[in-house]
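Structures are listed in the sections that come next.
Each of the next two complexes has subunit A plus one more chain, namely subunit B in the first and subunit C in the second.
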Partner chain A sequence: MSLKCSHISKQFGRLKAVDTLNFEVQTGEIFGIAGPNGAGKTTLFNMITGMYTYSGSIAFDGRELNGLPAYRICRAGIARTFQIPQLFASLSVSDNIRAGAHFGSRRNKPEAETIEEIIDFVGLGEHRDHKAAHLKLLDKKLAMIGAALATHPRLLLLDEPIAGLNPSEITQSLELFYRINQELGITILIIEHFMKVLTELSQQLLILENGKKVCLGPPHEVTRDQRVIECYLGEDHD
Partner chain B sequence: MYELIDVIISGVTNGSVYAMMAVGLSLVYGVTKVFNFAYGSLYTLGGYLAFTFFGCGFGYPLVILLTLVSLYLAGLLIERVIIRPLRRREDWEMLAMMVTLGLAIFLDNLYQVVYGPYVKSLPIMFSGNLQLAGFMLSIQDLVIFGIAVLVMGGFMIFLNTHRLGMAIEAVAQDMTGAQIVGIPKDRVFGFTFAISTVLAGFGGILLAPKYFITPFGGWDILVKAWVITALGGMGSVRGSLYAAFLLGIIEALIGWQFGLTWILFAWFAVLLGTLIVRPQGLFGTWG
Partner chain C sequence: MIMKLTKDLKVLLLIYLILLLVPIFVHTDLYLMNILIMCLIWSVVAASWDLIMGFSGIFTFGQIAFFVIGAYSSAILTQTFDLSPWLGMPFGGVVAGLTGLLVGLPCLRLKGAYVALVTFAVHMILAPLLKSDLGRALGTGGSQGILTIKPMHFWGYSFSSMEPLPWFYTALFISLLCLLAVYRIIHSNWGLAFTAIRDAEPFAKSLGINGFKYKLVVFGITSFLTGIIGGFYAHYVGVLSTRILGLNLFLILMVMLVIGGLGRFPGAVIGAYLATFLSEWLRPMGNYRMLIFGGLVVLLVVYMPQGIAEILFPQDKPGPLERIRRRVFPKERRASLSNDS
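This part shows the complex of A and B:
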């Protein structure tokens, strides 16, 4: 088992953003998360990565994460990306990746080697010296994934990674996610609204609504679940 | 002509110390987005600590060393005990600004109780003048200028080459992104606050032989550091450097031509002009 969330809850004032949630993510799998806006998906990511305090327990490879600050969770092997790219705008692509390797990685591998490997892996060779602020959206997302990979994670959290991309860019991104999972052996948790993408990509799919679990299981079962159709997919989904 | 150049040299000397202090204020704002209202009081703290260590019979080198170490620890303590607990709250930036204002009032009154209301001074570091190309240069001024430039140069090298300098830049640009790549935000905040306290207090040591130390004397310095950071661009260290020298020279010229009472007026006029013409400052950006 890679990640185990037990009875986790997060409340903002009177709003329960995540409500007594339980689920497990197995090592090596791609685990999809979907649900309507306000379902608590990003809040869940913020809890796992130490951005929010919460009640309950989140354990990663047996180690309790509740109470750890974000930087220590990163160093424990969990990296994430954001829907809107969070990069150091005045730094180049390679320096953004260097920041991940420099601060987030616990490995003794030479930094320069890590940076070169990752730039090649995500396909940003021609942009290595370009400032992050000047990149187009796809390249910003790739640079952010590169910085996350530079921390040498065992679990990667992707928050709506294909939002705003065109069809060919989506195809390119999905290929990269497969390669991260298959070639690097990194477990992936992915939030996405495109159900077709999630059903193709993930081995397990979790549907949330109002912070609660609606359904969890293999995608082909989840997409046929009546509660999921009612609260999220609608009757005429394909 | 000679008098004008003397005045400009004096302005550059003061500008170098202002630059050092403004860099500290700008650094804290750049990283935490909090304006530190206690900055002037930390300047005064440097003067009073040095005054206390002189009272123990120590010479300048040891006094400076002890004062800087004390300032660093004081900065760490203030951040850890007063600022950090506020960061658990969503509106912590505004709260932190109000708390630093309270801290300034507390410290100034503490100085008044401990050291009394009368001015204190530090001995001159180096007396005498140096004649160079027909100009009489105060050795004290030259030493102050040299120290301030060395401190700033060293600090810039540190920011650009050290691991911690890279972390400071990362947190200043994107706090969330920085944490996510494994940068310990709290440690960066603590270090930034401590270093900025050292820079403010070191300014207090360097200027005390010339302008004396009084319990409420830090407010003028706060205003000056504020105007410098506003003119340079809030959070821009490079902008603060240029603005400090420019305003140091303007201050010296105004004092020479119109008298010392017009100096603060000139600073406020520059602030007003900046806010009207270029509110983001020389090197600042919006957002």
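This part shows the complex of A and C:
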């Protein structure tokens, strides 16, 4: 077992953004999360990564994360990306990745070696010295993933990583996610609206609505679930 | 400590090489030498302020307060315990640094304009505190200030106000050390953390950067460096009062940053020289001087937000000179000129 969320809840005023949620993510799997806007998907990521306080328990490889600040959760082996690309705009791609390698990684591997490996892995060799602010959307997303990978995570959280990309860029991104999972052995938790992508990519799929679990299981079962069709997919879904 | 000779370091060293030679020509001009010494002092304050505001994105207005705390601490220590100013200056830096940490702590819970308000409040309450009975008990001299501060000495030679050269070269040495420290920090992993927190704090935290620690560190370092040069100022000027906490100096320092460009080292250093000379040049204009400075801030922020650094070190887009060149010589004309040649 990699990540175990037990009875976790998050409330903003009167709004229960995440309501008594329970699920487990197994080591090595790709775990998809979907749901309508406002379902609590990103809030869930913010809870796991220590950006929000919450009630309940989140354990990673047996270690309780509740109460840990974000930077310590990263050092515990959990990295993430953001829905709207967040990068250190004034720094080069290699410096963005260096930040992850220096501050987030607990391995003794030389930073320069890690940076070069990651840049090659995500395919940003020609943009190594370019400022992050000047990258196009796909490259921004790749640089963000690169910086997260530089922390040497065991669990990677991807928040809508293909939003805004064209079909060829989506294909390129999906290949990268597979390689991260297969070659690096990193467990992936991914939020996405494209159900086709999620069903192809993930071994487990969690559907949320109003902060509550609607359905959890293998994608082919989840997409046939009547509650999921009613609240999220609609009758005409493919 | 090995430093890579980057463009910004080359510019800084070139400035100091020129300054090293300038007294050969002007050492008899006491007025000009005084301006140069003040330039060296303000360059450290401006660069420290730029480190916290420009590079770390923390909008603090407390830098002059830390400067004054360093100055008073050094003066009081050397007077009370009859110690050498060479010990007083680092002591001033330590007191200012600790005060910086104390001010930084509540600021870590705040963002943007609220940090500016808290730090400006520290600036505003310092003058009444120094004038109060508590201040008097600590040796600040109350409203009168401290009128006789020990001058510096070196190997038995006591510095005199009539001989500016020893003061100048001491200021040159101390300011160079402080600015090299600022440069080193900017290019270190600390500098990387400061910039990362400024650019995207949630992402920085998610990559393992401890925002609390690094924000506190930058408060401590910048106030420490400012306090050291404040200590030097006290011994150089020989007299301290709360007048320095007035808004004039505050505005001039702000002009230094705006002229130099925020987060563009050594822009703030160049800004300090230009603003100090400009301030002296405008002195005959009396009250209009501050009016001109205020107008200059507005104009620079609107038309040259990156300051002089935009011209000296154009980064992302062509600087003003390049833009003028392109306007005068449009692409087709440039191409035909190069073909002709």
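Side notes on the structure shown:
Going forward, the second predicted complex is superposed on the first by the 238 of 238 C-alpha atoms of A that agree within 3 Å, B and C clash if a C-alpha of one lies under 4 Å from a C-alpha of the other, contacts with A are read in each partner's own complex, and residues count from 1 in each chain.
The rule we apply is simple: a residue touches a chain if its C-beta (ideal position, glycine included) is under 8 Å from a C-beta of that chain, and two chains touch if they have at least 3 such contacts.
Computed from a predicted model, the values in this text were never measured in an experiment.
On the superposed subunit A, the positions of subunit B and subunit C overlap enough to count as a clash.
After overlaying the two complexes on the shared chain, residue contacts for A:Leu15 are found with neither subunit B nor subunit C. When the two structures are aligned on the shared chain, A:Lys131 is found in touch with subunit C, with no touch to subunit B. In the superposed model, A:Ala112 makes contact with neither subunit B nor subunit C. In the superposition on chain A, A:Met51 makes contact with both subunit B and subunit C. Judged by the touch definition given at the top, the superposed model places A:Gln86 against both subunit B and subunit C.
When the shared chain is aligned, no partner comes close enough to touch A:Leu184: not subunit B, not subunit C.
By the document's definition of touching, both partners, subunit B and subunit C, reach A:Phe103. Of the two partner chains, both subunit B and subunit C are touched by A:Thr151. 49-51, 69-71, 74-75, 79-80, 82, 86-91, 99-100, 102-105, 147-148, 150-151 are the residues of subunit A that lie in the contact sets of both subunit B and subunit C, per the superposition on chain A.
Residues of subunit C touching subunit A in their complex: 189, 192-193, 195-196, 198-200, 202-212, 263, 315-316. Residues 163, 166-167, 169-170, 173-174, 176-186 of subunit B are the ones that touch subunit A when the two sit in their complex. Residues of subunit A that touch subunit C in their complex: 49-51, 69-71, 74-75, 79-80, 82, 86-91, 95, 98-100, 102-105, 131, 133-134, 144, 147-148, 150-151.
Of all residues in subunit A, only 49-51, 69-72, 74-75, 79-80, 82, 86-91, 99-100, 102-105, 147-148, 150-151 touch subunit B in the complex they form.
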